[in-house]
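Here the chain labels run A, B and C in written order, and each chain numbers its own residues starting at 1.
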Amino acid sequence: MSDPILSLSGVKTDIGQYHILHGVDLEVPRGQVTMLLGRNGAGKTTTLRSIMGLWRPRTGSIRFDGAEIAGLAPPQIARRGLGFVPEDMGIFADLTVEENLILAAISGPIRRDRLDWVFSAFPALSTFWKMPAGNLSGGQKQMLAIARAMIEKRGLYLIDEPSKGLAPAIIATMARALRDLKADGASILMVEQNFSLARALGDRAAVMDDGRIVWTGGMAELAADPALQERLMGLKMEVA
Amino acid sequence: MVRLFLSGDDPQSRILAAILLIILFALAFAPFLFPGTRSLETAARICIFIVVVASYDLLLGYAGIVSFAHTMFFGMGAYGVALATRQMGTGYDALILGTLAGTVVSAVFALVIALFSLRVRAIFFAMITLAIASAVAVLVSQLSAITGGEDGMNIRIPRELGPAFRPFDEPVLGINLSGRHVNYYLVFFSCLIMFLLMLRVVNSPFGRVLQAIRENAFRAEAIGYRVVYYRAMATMLSAAMAALAGAVFAIWLRYVGPTTTLGVEIMLDILLIVVIGGMGTMYGAVVGTAVFILAQNYLKDWMGGASDATAFLPLVPDLLDPDRWLMWLGILFILSVYFFPSGIVGRLRGKT
Amino acid sequence: MTHAPEHAPKMARLSLSDRLEPWLPILLVPAIVVFGFVLIDSPGSWLTLTVSGLAMGMMIFVIASGMTLVFGLMDVINFGHGAFVSFGAFVGVSVLVVLGGMTGASSLALNLLALGMAMLAAMAVTGAMGFAFERVIVRPVYGSHLKQILVTMGGLIVAEQLIHVIWGGEEIFIGRPEMLKGSITLFGATLEKYRLIAVGLGLILFLAMRAVLRGTKLGLIVRAGVENPEMVMAMGYQIRRVFVMVFVAGSALAGLGGVMWGLYQEVITAQMGMEIMILVFIVVIIGGLGSVEGCFIGALMVGLLQNYTAFLEPKLALISNIALMVAILMWRPQGMIPVIKAK
């Protein structure tokens, strides 16, 4: 890829007195799904949060669509076209499903075609349209979280562990929606612990360990090499 | 020896040590150094408020809890003495029993408030104490049958502590000593003991845990300290000390009333002194109180002069009016919180 | 947030008590009214007290709403909020004095116009003060409740003193506009006109606030920000700017409340804000810090209880509200309508 949508170089982030990222170098190609993998505590979530500006990197450069965004405030970064689905989903429980989506549409009223698309991907959201999001089940909340990112076209979607704690049937719905998003030509950077989901969706993979990227390559290459997986991630991935 | 009394808490600054020594010396020999009723009143007030402010510092500076009920506890001690002497008649037994009763009641009251509000959120404490203290103040001024209402109560104290008593026939160092002076030394020594006791507490392991909680409550909890327990203990201790000081104040003044003990103004004064003197230093209470009370007595005169001298200017005389000194103090207070949170003492110690 | 495994839909199977629970706080207000009716033997006095309790409650709500939202949005506790109340009252009363010709006229329209101008002036001044207060006093101490309490208390002291500098004196007595004086009689009860107006104005403000919070994007940002400010930022909204707006609006409302309160008491003092803050604190605590609805319900309860007890046993008026606070906190330690906070 000659022109990545996002590139990080030498990103170091501290949380309090702890150094979490020790210099992350990463390129996210356009129109592809990049999976960010690694064991717990490797720095995956911190990487996403650093990109969003929620934890400001101490040093390093983050270029999005050709422009430097490191050091900008989160709202400015978001307005450049990054959609963020955090690990805890960040649902506004007191707001209805509708209100959650209205807020997510930052550039104006919700576009009808986008909404239809969201409803076709997640029919449950239309059922509970006027319901406080706090009343949704865990899976429905995750769908809403992804729907909020999808409701407008973003340059890049940052999605943190969408399958976490969800039942297989829900994961399947989610996978379908994400594949839809991918078919639409979206660029996605996604953290995922569920290797079969990662393998099914990912074009490329980047593996983190101890605050650095230790391996990048094609997802298929990683999936085909159990020894490599074990070396990079310390445990055998159960390949379904 | 000195270190033993100070519980190993060195002033850590020559200037601070010198100031503390001067204050100690001045208070110890106040009747001889500054003869006259007004000076003696001022000296006694300084002694008592050093204890009140130090006990507030225990809570604010060491435990990081803001309370607006400190004068309530102060008042409980004072009213304890007043009510006991009214019930039991004049005598040392009434004074002691009243002091103890006031102290116990305020400690228990503090414990209840602490358990009730600190359990939920530390910031509730500030709001709840403000509400409770004002409710109690209103109640005290309304229940005149018990408390004497707005007028307060005069307290009859044993003759040996009153102005009519003459311990010596001859003047001592040129001063005719009276029971007032005996009373003053009662105030001085009880306050000195209480202050050293608090210095001991904050330098004990208990005090260090409090500071650890103030710095990071979550971490302290994670290490295994029961934060609520420590905070509640600090609240109780602080309230008990305030009540003791209140009792001494009542015995000294021979009077107790809502404005001398329970008023919002006194509460604000305490808050201002602690912050300007230096939170979490104990010595800040000494320096702050001495400066504050001297300023209250003498700076106001100066402001009055300055106000008159600038009478031809617009607004300036109003700003310099002696009644407005609280405004300047408030500004100083805000600046202190921003720029030198450890106050005068912190400055002298070279920390900010 | 926990990620529980999928359950069967839980909305269908709620017991009666479960379904009633969200409504309990709202039901407490009529409960207090009924309670008052039982204890006060004369229905006429009861109605009079109910109206003045509601009027008082509405004014406390107007004052408290900004404070609770400011806390909810940025976790900022403003002990200086009372300064806006006092300032608002002094500005409003000064305007009414200047407009003496209009307030003295026996024309309701002119009276209301004067009142409206006084209120707008008070809101403009306290709103501007709020802007400055946020910048100078509050902004440097984000994140530390201890410093916030200290510094905002300091701000309150200075503001109170400034009132003395500007207006001098201790207290100003103020008469209500001509047509708002006196009372009407309804079912044998004497109802002061001004109190009825205060109730109406408070209700309108509450409904307007609700409409803004539920019906506009700004309102959605505020509500979402109370719950999870970080996510609101990550979506692309400048929550800081919204916070400043809420702070200014809350200060302006406090100023408005000050004018209303001053005319209710017919006397204003520099300390009035601080005194009202005691009730405001009780209200925001029992309502649930950050909740506008909780604040409204709490304010009405406090206003009613205060008036009923003042009639039955004057000495216990404030104590009764402390008791109410204790009771509510035993029942729901986070207040009647706890605000869901992320993390």
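Definition applied: contacts are C-beta pairs under 8 Å (C-beta built on N, C-alpha and C of every residue); 3 or more make two chains touch, one makes a residue touch a chain.
Keep in mind the model is a prediction, meaning the values are calculated, not measured.
Undergrad: Taking the mean of all protein CA atoms as the centre, name the chain whose own CA mean is closest to it.
TA: Closest chain centre to the overall C-alpha centroid: C.
Undergrad: Farthest chain from chain A, comparing Cα centres?
TA: B
Undergrad: Determine the centre-to-centre distance between chain B and chain C, using the mean Cα coordinates as centres, and give it in whole Å.
TA: Distance between chain centres: 34 Å.
Undergrad: Compute the distance, rounded to whole Å, between the mean C-alpha positions of chain A and chain C.
TA: Comparing mean C-alpha positions, chain C is 42 Å from chain A.
Undergrad: As a quick test, compute the distance in whole Å between the mean CA positions of chain A and chain B.
TA: 57
Undergrad: Going by the contact rule at the top, pick out the chain B residues touching chain C in the complex.
TA: Checking each residue of chain B against chain C gives 60, 64, 66, 116-117, 119-120, 122-124, 126-128, 130-132, 134-135, 138-139, 142-143, 264, 268, 271, 275, 315, 318-319, 321, 323-324, 326-327, 329-331, 333-334, 337-338, 341.
Undergrad: Looking at the complex, which residues from chain C come into contact with chain B?
TA: 77, 79, 137, 140-141, 145-147, 149-151, 153-155, 157-158, 161-162, 164-165, 168, 271, 274-275, 277-278, 281-282, 284-285, 314-315, 318-319, 321-322, 325-326, 329, 333-334
Undergrad: For chain C, which residues are in contact with chain A within the complex?
TA: 1-7, 9, 11, 217, 220-221, 223-224, 226-228, 230-239, 339-340, 342-343
Undergrad: Which bits of chain A are touching chain C when the two form their complex?
TA: Result: residues 52, 54, 73-75, 78-79, 84, 86, 88-90, 92-95, 99-100, 102-104, 106, 134-135, 137-139, 148, 164-167, 170 of chain A touch chain C.
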